[in-house]
């Protein structure tokens, strides 16, 4: 047995550090035939908005080299239906549920959070900041330091449960956002959401997604996500949850070595809904082989000349 | 025959729109046994600095899912040796040579450019802005609007040959940089250089590159590069040269449909040095099949609801 | 629904470029209905990246069959598999063709490779109803014939059977034979399905069609496979969960 | 150097997990020197992404051979190729082992799979010089035997031959047989090469080693394969162009 497989955010204990990412595992009930969700450290449920959202017109997804693009439009059942239909199922689960919240205004973020806060079944909140700020012409909250700060501050006021801010990678210096998150009292940050990308059907000469551009995910982005996690762990002391292209236990370990406190599996769940179990098993074997008996000896154990990092060097 | 296969920047005529990217084709002489370089529209030579550069310690490259990371450290022979050893070879070539310049100060960019400017063998200049600004703590020129503007302005003063500014994608809004390039009189922009990424050797627990982070290239980044090109073509009127993950003729056509005036093949040259020839052939067959008799009818022919683009929508 | 690592029993090119792959699965053969599909990971590589959905084309005791055209990344890898190789299959998925007791006459209409679910459906229906199968394609060699009953052919170029599309052939059969189908079961390319749906709606014939679209998960996780309904409460429904077979009257055409 | 699409003639597992692949190429067989390498694209997919460099392990008339351990993405795909399949090969590349006239005694030292270029080198040397071949590995079954002459074995665990490393075995042979090699040709893992280089430098023996590192292009385009020299003018040289075989005295150890 390896020590510190579990960890805490505030007083919430997560049995392990392998989570599944928002939007890639539904509400945890779709897959119950296929996997034992109780083995996971946590399930981050699909982003919830105040009202149900239809989502974007088709096509919403397309395959790319070692990845996929999506533009789901945050299709979701809305907070009321989540409370009445999904929360009751969570009672029977041993895994922790993290409710991911999306919104188009500061007020909406707060309202959704306040509606969910009373439920013990919700262990923590993840705030999806890759949403368009309708008041700012649709630019994403997560790319603007000011709106990022306001949301970080306002949601913090509404709950004493752990708050995880989920950062967008589509910024020049993600560490600036990480620092604000830390200053505003976030308990952790999730790094990262999808990267803006696009694909074209050359015969129809149309975008392959109805919204022209969408979010790239999957193994293609793993090196990029890892670099973002690296930038964040060196900028802040709060836990960083690594996300992006994790499909194997080796991938997960890369994130831990760089310094992630936990990781989330996203797109790989589509390839294999049982990816989480495989990763748990692989990590435990690796630790045994490498004689790592404490997870904390793995996390952040990268030995590197940090001053040589690319920010200061020529590519 | 398809019309407008060739195009001009200022008075320089490029026979076609398929170029090879800086750092991926050397100085054009290494591959002469393998490919007929004269079929290419242009060769962009490896970034040149004032003095020769040793480059970064090994390891400098590593493979990733559908791509690779590099941190070469702009190892290059320096401008003097380029003039004495490489320029004489260019005389015999029918393809155009674009000299790519890298530097760590505004002055260095200008000096290198001035030294090369007198040579007729150099058709145009590409300015690599993904270089660390030593005066600003090593942050890349290309991520700072102000330093980007100064360099754009200063290099413009030194030559009447076409200037192409090569943008880094590691910024929140690449179109802001594209607009400055246009305002400062650049003749074109190259979009994009590599994306910052990283990989870890989990057994040694060290970065796979000596500089920790490096630049991601190859098919993995194609959707990201295409989205950056899309953002740029909608922001400026100067030609955009598309770069990023282009390995097949289908890839190249995606960039043309989005609006690229020309494209550059980078990493794919390592997989197959003759990629350029295959792409030329593929495009010509495609145009014939699709009854496109004028390249200008292909470029920018994307039919899309641009207002739906992700900047304004929920992913 | 289960995830199974099944054994390949047979791969046969039964028509030029068109393959039938048979694998062993007690679970899937017992629990599948015509029109349901499987989501198959062709191998552990990332090329192709996503699973590929395939209609269950037939069940034969403990064996399950799919048919496909070796056109792309996934299908080309499938045909290079060997007997006894393992295949990672999730299924059966989604909703199949709805059958109502006392259906007297059913039209089964398939376009091109869209016929994939029809062999299984035919087998299920053949002792219960009168079947008229209509196959359509651009040209004769694109017509796929596989374990079908009582079929007529329509080709756009007239190289075989009726010169025209499947809807016109259906009309012809209806008028010539003086029968009205109680139900139409359709599968094929989306434009064809829409034409059939319009015809069925106009003529008040019940019609179930199997819809295709790109899918990532196939099990309702990604919300990537919407189809627009005539439903003021919920604009988009998921092809992988509500479908792939959906009554055409529900679909916004 | 040429890019060729050659035909595979044979794939043989000559030792557990270790394969020899033979292909036909007049050009490569005529123009290669021992120690040179080939850069092979195992297929047109992106998995593996880059070409894989392989030493030319032997030439037999118009046939070219490589040997490898099926450990990873590329090599596992190679062993699943069929006879007559095409392989995309660029070569011969780089500089091979330097041979100087009147070399009386040559030590050929190979570690693990690092022996790959030795069969070709042995064939070239065998009528010219006295050859002592020293093979090292962690344990006996990792010793690769393939068309070598006059060889002794060293294993770290003593399961075969000399119990110890190749350098100590070389010393032993030198003292027991009372000979000093005019040249050492070495290939194998980098730490072993460094140990051999140190030994050679200290004893003033000419030594050429074949260095390995990750490569992207293999032909000097990417600058991805530096090795540090004792050269005040140019710190890094390219393994793919100056090497893979480089005289050890030039290398900064």
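Order as written gives the chain letters A, B, C and D; numbering starts at 1 within each chain.
The working rule: a contact is a pair of C-beta atoms (placed from the backbone, for glycine too) under 8 Å apart; a residue touches a chain by one contact, two chains touch by 3 or more.
Since we're looking at a predicted model, the values are computed, not measured.
Novice: What pair of chains is linked by the largest number of C-beta pairs in contact?
Specialist: A-B
Novice: Using C-alpha centroids, which chain lies at the maximum separation from subunit A?
Specialist: D
Novice: Where the centres are mean C-alpha positions, what is the separation of subunit A from subunit C, in Å?
Specialist: Taking the mean C-alpha position of each chain, the two centres sit 36 Å apart.
Novice: Go ahead and note the Å separation of the Cα centroids belonging to subunit B and subunit C.
Specialist: 46
Novice: Between subunit C and subunit D, what's the gap in Å when you average each chain's C-alpha atoms?
Specialist: Here subunit C and subunit D have centroids separated by 55 Å.
Novice: Using the touch rule from the top of the page, what residues of subunit A touch 2 or more other chains?
Specialist: 56, 64-67, 70, 72, 219 - these are the residues of subunit A that touch more than one other chain.
Novice: Mind pulling the residue numbers of subunit D that touch at least two other chains?
Specialist: 46-47
Novice: Within their complex, state which residues of subunit A touch subunit C.
Specialist: 23-26, 30-31, 33-34, 46, 52, 54-68, 70, 72, 75, 218-219, 267, 269-274
Novice: Once bound in the complex, which stretches of subunit D touch subunit B?
Specialist: 1-3, 41, 46-51, 88, 90, 213-217, 219-228, 234-236
Novice: Show me the residue ranges of subunit A that touch subunit B in the complex, using the header's touch definition.
Specialist: 53, 56, 64-67, 69-74, 102, 104, 130-132, 137-140, 143, 170-173, 193-200, 202-207, 210-216, 219-224, 226-227, 230, 245, 250, 253-254, 257-258, 286, 290, 301-306, 308-315
Novice: Under the touch definition given earlier, write down the residues of subunit D that touch subunit C in their complex.
Specialist: Touching subunit C from subunit D are residues 45-47.
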